[in-house]
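Working notes for the structure below.
Labels run A, B, C and D following the written order; every chain starts at residue 1.
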Amino acid sequence: MSVLAEARILKQEEVAPGCHRMLLQAPEAAGRAAPGQFMHVRCGSSADPLLRRPLSVHDVDRGKGTLTLLYRAAGRGTALLAGLGPGAGISLMGPLGRGFSLPAGAGLRVALAAGGIGVAPLYFLLKELVSRDFFVYVLVGAQTAEDLLCGDDFKLLGSRTSFATDDGSCGHKGPVTDLLESLLASGGVDLVYACGPPPMLKRVAGLLTGTGVPGEISLERHMGCGVGACLSCVCKVRSGAYRRVCADGPVFPVEEVVWE
Amino acid sequence: MSVLAEARILKQEEVAPGCHRMLLQAPEAAGRAAPGQFMHVRCGSSADPLLRRPLSVHDVDRGKGTLTLLYRAAGRGTALLAGLGPGAGISLMGPLGRGFSLPAGAGLRVALAAGGIGVAPLYFLLKELVSRDFFVYVLVGAQTAEDLLCGDDFKLLGSRTSFATDDGSCGHKGPVTDLLESLLASGGVDLVYACGPPPMLKRVAGLLTGTGVPGEISLERHMGCGVGACLSCVCKVRSGAYRRVCADGPVFPVEEVVWE
Amino acid sequence: MSKESKNGTPAGSGKNGRGDKNPVLAVDIGGIFMKNPVTVASGTFGFGPEYAPYVDLNRLGAVVVKGITLRPRPGNLPPRIVETPAGMLNAIGLQNPGVDHLVTEILPYFKQFDVPVIVNIAGETVEEYASLAGKLDRVAGIAGLEVNISCPNVKKGGMQFGSDPLTAAEVVRAVRAATGLPLVVKLSPNVTSITAVAAGVAEAGADALSLINTILGMAIDVKRRRPVLGTVTGGLSGPAVRPVAVRMVWQVYKEVKLPIVGMGGIMSAADALEFILAGAAAVAVGTANFVNPRATMDVLEGIEAYLVENGVRDINKLVGAAHG
Amino acid sequence: MSKESKNGTPAGSGKNGRGDKNPVLAVDIGGIFMKNPVTVASGTFGFGPEYAPYVDLNRLGAVVVKGITLRPRPGNLPPRIVETPAGMLNAIGLQNPGVDHLVTEILPYFKQFDVPVIVNIAGETVEEYASLAGKLDRVAGIAGLEVNISCPNVKKGGMQFGSDPLTAAEVVRAVRAATGLPLVVKLSPNVTSITAVAAGVAEAGADALSLINTILGMAIDVKRRRPVLGTVTGGLSGPAVRPVAVRMVWQVYKEVKLPIVGMGGIMSAADALEFILAGAAAVAVGTANFVNPRATMDVLEGIEAYLVENGVRDINKLVGAAHG
């Protein structure tokens, strides 16, 4: 169950150009969060900007009661967050939403594909997968080498990590979905998780179609409430209905999502 | 002429409970300001709070190009200012308004009466008067001893300073206007300047009526533009017309003001 | 003239079992007895369970559920929301599972709570409003209906009904004939004269009024050079609209003798008190729930503190008190 | 249908003497030729000199002066202003020195500048509007009149004229008969149908429209339990109202074939572009002047940069472009 709490910032650093990692004292949320869930974060106390911002749970340390967010300063709200230093307090709601469903079987080979800031929820997922002894390929894409996020963290967790950059400054030159494509072609993947910009996710959906390999993707929508009450964050699913990304997602089976 | 500039905060300290002194690098404004004028200050960059806040010029150091504000954290805007530390920048417009008219004669005996944060503009005025060799009585009132502002600064300038507090914890027990009343009764005053809450100023007006002693008071009104354009800050004057506190004031001859 | 006693202290007001020092908070909204004046704005609180992790529903004066239509509605093409200065635009388009689903699947949820449930209804025709009201007339667990004649986000019906005193009255008459439930009629702010519409629906049999619904607005994406919302226009809500909402409550209170549920940008107890002093007997918290899921409780506790501090023994004595 | 070419590039547009790389900024507002689309909202820029320390008036597309009446007006009882979330309420009540003073004392100030001056006029009766227009008809140095039929802050006249298409048209017909000057008619947002009023005044002879004036609102001081403003209600302006203003410009652009001066909460070039894309051929900066006295220049420079970045060679091509 989600909680509302004032969390204290313990540490904040810019880990890549415009990307910030914020360590928060938030024991209740840390204790409850599952990979793929998000926190709904208030940026300041002014009526402008008014709404909370959804940010994925990037990492938790249940022992220490800390929770980490990894975010890009994309606009006014996240810029306000980036301006805060240790000791400042922010209002958090969460954990919210339905996260990734962790496979029950043993010995599965899993691919995680992250585009840009899409890395945020996948790191927490990876930790969970690794702790369950799955074999994980991590595919990380970004515009340039310096924009690549968490590469070392992934490696430290013992996963097989490959990189793709738009300009070829690190790893494969091209979209991260190229890496996924090769991996799928090699037949070595039982399950795919992906998070990133819509064109990337759409491509992932395309790659998985007809392969029989199941996949889950984490979607982004502009949100009001974050708890399923306002119906503003919907995406269309196969049945033709609109489902709430905040409460029915943000993680959906890849084949459920209708790309409009 | 007024300027618009981004000023850097050099120092900020809480000088009495809820009262803050802010030292700013603002060479142009410092060079132009006269006692009784004010700066129109933006509190942050959000649309909420939207409007600037008028704050009197408390002190300037033309050599160093610095300007000081002395203000009470009265509401949201000033609380935001109080939260800023050295290095932060704030947007200033000013100096604005018509300040105190400095007497031409020599050897005049002048009384300055300050109630609460009304001290703010009078310190700058005092410095100017002292530099012109006037004999100045400074009467400072506050709720309690710890709320008294700038007492030592006044004394350092060599003026005869008396205090009044509501609870008698320092100096006379009662309103600062009691001190003015005695002084006027003693016949030792040629000119009065006052700044403070409306009831105090009204009392000053009452005390001066019929004495032939001229006085000037600094008024406060909620402001929009601060430059005389919006006509929102008016006070009624003897002619029955409304005059703009920001542009025709904030300092008015005491007998001009109609107390509604 | 002050109309302080317009709402006599309702019979139920002693029920909170409090001593004399605790002010009376109970209000009577046209036959809906609320233990305190704080409720929620339809569409901002879902169907009830969504905010239960944050708010004890028993502490609310009433719960108003998301607008319901005769048949399920898929809602509008996204994007459905955009943030604006101190506000937001929404164009949900009354996405809802339909009245039958409400009755069988949603209302039973409230059995575990002791809180009046108000069902917000919307139709595309006068007949639809009437059938909705008829269907809900004898359903257990409904304290009253809020008749939404003011939704700016549906093509047919919706706001059109609320834009004209005559059609507004027509809807209310039809609903009145179909049910004995207390009727709160929700007014649109997008009119030249809110008092004319209020008078029209009062005359047609409304028991109470709620205002304001959202103000029609829009935003344009200057990069794409297209409207942001899938439906072009949407409804503006949040603190930005509060001055307009308070003004309308003030005007309606002066002209129409029905209890008012005031809403529009209430974020805090001080905001709520503006509405109460302007003439609202109850207040609804809307967009603020998104920002602070405990906003209703903060408002309630703040109102209580204000009453105590100011020695006001009954909230009903404050209603309209700013009219002097 | 896009009406991109509604305003043909005005004859004067080449006059800025710029090379081909600089986009054309000049617009024609019903016969008022502006060298760029950025002007100011009446009542927020005083009579001209107030903002001269911050803005080179020559760089403005036009200056619109504070509303003028036939006789001097003292204005309303203070308080006249209160801050609200992302906005403010004002109730100035058209304090002004009267039209004769304007002509003899204020207009001469502008001789030193090369900027069109638009005089905003308001009357308490149709006849007053007509006499005002008549008095100003042959005065040198006036580029056009803005007919304010929408001031919410005066007891007589003002908004009442703008609330009804017929009375609005009546005012415009009378003014039209009294002067050959270009007429910009300023509309009130406090109406059910802004397009009906717009169509009415277009028909009656308006050359252009400006919108929106302020939205009627109020605030209550919960400590004193009284309205904050001396006149109870006031006009809401600032960023809070922008979504409503953009929506109204969008609606009017669709229905009425007159150039529009868009305003309401414009703080930045992006805000101004929303209005232009919605259908405004020019934009007026209002409350933003109080917050940032250089707001007009920031808006102008930002629009210019947008045109360059997006390879748009003429601002007129953007007007209404979001209609697709």
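Before moving on, here are some points about what is shown:
Following the convention adopted for this analysis, contacts are C-beta pairs under 8 Å (C-beta built on N, C-alpha and C of every residue); 3 or more make two chains touch, one makes a residue touch a chain.
Source: prediction; values computed, not measured.
Steps from chain A to chain C, taking the shortest chain of touch contacts, total 1. In summary, the chains found to touch both chain C and chain D are A, B. A count of contacting C-beta pairs for B-C and for B-D identifies B-D as the more extensively joined pair.
Seen from the C-alpha centroid of chain B, the farthest chain centroid is that of A. Chain A and chain D have centres, each the mean of its CA atoms, that are 47 Å apart. The distance from the centre of chain B to the centre of chain D, with each centre set as the mean of the Cα atoms, comes to 37 Å. One simple way to say how far apart two chains are is to compare their mean CA positions; for chain A and chain B this gives 54 Å. Along chain A, residues 47-49 each make contact with two or more other chains.
In chain D, the residues that touch at least two other chains are 85-87, 238-240. Chain contacts here are complete: no pair of chains fails to touch.
Within the complex formed with chain D, the residues of chain A that make contact are 47-48.
On chain D, the positions that touch chain A within their shared complex are 85-86, 239.
On the side of chain D, the complex with chain B involves touching residues 43-46, 50-51, 53-54, 66, 74-75, 78-83, 85-88, 90, 92, 95, 238-240, 267, 287, 289-294. Chain contact summary for the complex, chain A toward chain C: residues 1-4, 42, 47-52, 91, 93, 221-235, 240-242, 247.
Remark: chain D residues 84-87, 89, 163-164, 190-192, 215-220, 222, 225-227, 232-233, 236, 238-244, 246-247, 250, 265, 270, 273-274, 277-278, 306, 318, 321-322, 324 touch chain C in the complex.
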